[in-house]
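Several structures are given next for inspection.
In what follows, chain A forms one complex with chain B and a second complex with chain C.
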Partner chain A sequence: MSATLSGAAAGRSDACGGGWLGRVDPRVRIVAATAFAVVVVACDALPVLALALLPALALLAASGLPPGPTLRRMAAMDSFILFILVLLPFTVPGEPIFTIWGFQASHEGLAQAVRIALTANAAILALMALVGTMEPVTLGHALHRLRVPATLVHLLMFTVRYIDVLREEYLRLRQAMKARGFRPATDRHTYRSIGFLLGMMLVRAMERSERILGAMKCRGFTGQIPLVAEMRVGAADIAFATGFAAVLAGLLAAELALAAV
Partner chain B sequence: MPLFELSDIRFAFPHRPPVLQGADLVLHPGERLSIAGPNGAGKSTLLKIMVGLLMPACGRVVAFGAPRREESDFHEVRRRAGLVFQDPDDQLFCPTVAEDIAFGPLNLGASRAEALARVDAVLAELELTHLRNRITHKLSGGEKRLVTLATVLVMDPEVLLLDEPTNALDEANEARLTGILEELPQAMVLVSHDARFRQRLATRELRLRDGRLGPA
Partner chain C sequence: MHIVDGALSNPVVIAGAVLGAAGVARGLRDLPMEKIPAAGVLSATFFVASLVHVPIGPSSVHLIMNGLAGLVLGWAAFPALFVGLLLQAVFFGFGGITVLGVNTFNIAAPAVIVWWLCGRQVQRCSPRTAAIWAGIGGALAIALTTLFVALALRLTGEAFLPAAKLVFLAHIPIMVIEGLLSAAAVYLAKQVKPELFGNVAEAAS
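After this line comes the complex of A and B, so read on.
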């Protein structure tokens, strides 16, 4: 986990240095990523989906993220859907193309698997390039300004703030368990102990949240977190938004043209 | 034969300046050794190195007559040297006091009945029997401290390593803890800021300065 985190951190610093995409207004980037995902999901034709990978790759280049690690993270996401992709050709009925151990793979199923793989990868790549380079706090502020419910934004921002506190608490407790001779094994004692550990963390997290809320109330918290950073949409942001909208329109046009054939 | 013999211990946390730069420490049976030093001097780090929770970059740890290098070497050390953590909340994680104290003996392979018998014995010894079925996270600060001491004593250690044991204790609880520690036969390493506490208990005082241990 620390490897991916440091990778993300490295990516961010690169984005600040090299990628111009990092300077586009965060709200524009979030809307662009969402719009791209919607368009890619709406498209059905394989050539269009293959084509959609191009803008995603272009965004990756513009974001200044290191291509190697980013593509590896994309592959990590693929491992979640791999099972579905492999099973689809054998489960979707249709024209048979090949047979493995007596199981028939259908042309339609294979096409569907390729379609899902292309859609998912294009969308995740664009999301990583557009939103993944953002500081989590910036993401929270941008979402808030995009009228995402304040509760969800607070949830995100507190998660970002306290996930490390929880991780450290977990590690300290584990260390103290080790100091008393605990060695995890596959037995009842281990399950009980790990259960106690998680339960204790949950109880403490709830109490901590109440203390934090108390401390926030002492400083005048009423359910609104005032956001300091100003966000302005400039000429460059409008230019990016227009250009990106043109690309999306192009993809949709290609899809409609192919569907009409 | 000394219980612990650490020589030329060097340690640094990643991306931070080194905390220990050639620390030497010898602990003899029956000794109560105190270690003082400013915040962040590496006192807690040193205790964790003694039981193998942290591995030094270089240096030798000899405990109970054998050199200890790998994780597996330290299993025995952790049984024979009980570490009481600075923050009791880092140590107590079971729902009730009895279960938390039983955790150590169960790790050492005791049956449930044996473990509970030992729990009752140690609670009686420390006059904490009234806390037996209390919820650990609802104990007061002083009670938590005494219970963490019980969780370690129940394992019958030969050495006690105490990290700031008087932290956040009121006078009554501090006097009680000092009284208990005075009565215990174990050799101890006491990390403490509290000069009075050190003077009352320690048979030898050391100070950690610039990553090395020297006379106070």
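After this line comes the complex of A and C, so read on.
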């Protein structure tokens, strides 16, 4: 439905996601992704965190997402986070392992940077495999069933619905600017022009939303949007949830065992 | 400015989740069903704006525009920006899931602060004066976001302090750019459709 968002999960073959994971109940997948992230964040031991990448990779294989682009997406972080990770070995005091330009890198700092990188990658990979394969609309319905407030779910649905429309509008405006000789550079003219572009998009968005509300009222909108999606937890979902819980328990047990040593 | 899972200490993550949830709940209170289409379409606009890259020297940066979001949405900026961050995490792999609360707070709290400080002036003044206030607000929002990110890192550990300082300094050009863009956007919007400011945000005052 949303090309901008599903472009992210390029290669998604059908509404449920390509792999068998797509047939697991969406609510179970959302809860599983959250539980996995919490467990991984709670773990500290490096071997356990490395081990946690395995279930995340298994989920990726089962999700039907294209492995290459998804792994690239997983590894991509904001430059400021990368920057912090690179600096950590030099700012955490501890046993020195190597020196660059007179700056000492500590073993502890390096370990912490690796720990953060492993945690972040495992958690986000599991999230993309479990939840990113859903249709955004299914995500909204599942969140509603998980008792997320209806207003927030509606806001999510509207946002998802109009991201593509507005992106196309943005590209149209950009093309019109290009046709008139606009070339982005580092100058005031560029920033002013892009600012005007954003202002124009806001104005058009507002006017569009007025038309939408009018059309909704015209069709008998009374302030309630019914969310109807049938979701049933079946035997396969319970099996998946049990297996996944066992994996999480295993990770926690390994963490505790290593912490005790 | 997406912090990732595992970077922050547990107390910071939990505090962020509580503050983020409180902000979202406060924002939802100002959103009767009638305002949802406007808030949703504007939320989508800011999502698209965050995909826009503007050149800066040989490189480029992507926009945040949380100051502008605050001026247009008021408290509703919290749920709107939360939705954006959720979609980015799930479908693009930006940021993380346990840090969703912290990230929401870092982006949306400055939006609300800017709306408090500059919202009235932007709503009432002439396009030119409103643009100046929006410029200040746009730059201030990025400054506050960077500051909150730095603070979250600093509360996690002493070792993050040098990196946090450098991140703040590296964002000064971005503050200028976002300020200029916000000013231009508001200048145009005030002339074309002045009621844009105060349509959704008004309900919040």
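Basically, the second predicted complex is superposed on the first by the 224 of 261 C-alpha atoms of A that agree within 3 Å, B and C clash if a C-alpha of one lies under 4 Å from a C-alpha of the other, contacts with A are read in each partner's own complex, and residues count from 1 in each chain.
In this section, a residue touches a chain if its C-beta (ideal position, glycine included) is under 8 Å from a C-beta of that chain, and two chains touch if they have at least 3 such contacts.
Since the model is a prediction, treat every value here as computed from it, not as a measurement.
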Partner touching more residues of chain A, whether chain B or chain C: C
Which superposed partner A:196 touches (first chain B, second chain C, both, neither): both
First, second, both or neither for A:137, with chain B first and chain C second: neither
Touching partner for A:254 - first (chain B), second (chain C), both, neither: neither
Touching partner for A:35 - first (chain B), second (chain C), both, neither: neither
Which superposed partner A:77 touches (first chain B, second chain C, both, neither): second
Touching partner for A:161 - first (chain B), second (chain C), both, neither: second
Intersection of the chain A residues that touch chain B with those that touch chain C: 193, 196, 199-200, 203, 207
Chain A contact footprint on chain C (complex, rising order): 1-7, 10, 13, 24-25, 28, 31-34, 36-45, 47-49, 51-52, 54-57, 63, 65, 68, 72, 79-80, 82-84, 86-87, 89-98, 149, 153, 157, 159-164, 166-167, 170, 177, 180-189, 192-193, 196, 199
Chain C contact footprint on chain A (complex, rising order): 4-6, 8-9, 33-34, 37-38, 40-42, 70, 73-74, 76-78, 80-81, 83-84, 87-88, 91-93, 109, 112, 115-116, 118-120, 123-125, 127-128, 131-132, 136, 139, 149, 151-152, 154-163, 165-167, 170, 184-186, 188, 190-196, 198-203, 205-210, 212-213, 216, 221, 223-225
Touch list for chain A against partner chain B, complex: 169, 172-173, 175-183, 189, 193, 196-197, 199-200, 203-204, 207
Complex contact set, residues of chain B against chain A: 48, 51, 53, 75, 78-79, 82-83, 85, 87, 89-95, 99, 103-104, 106-108, 136-137, 151-152, 155
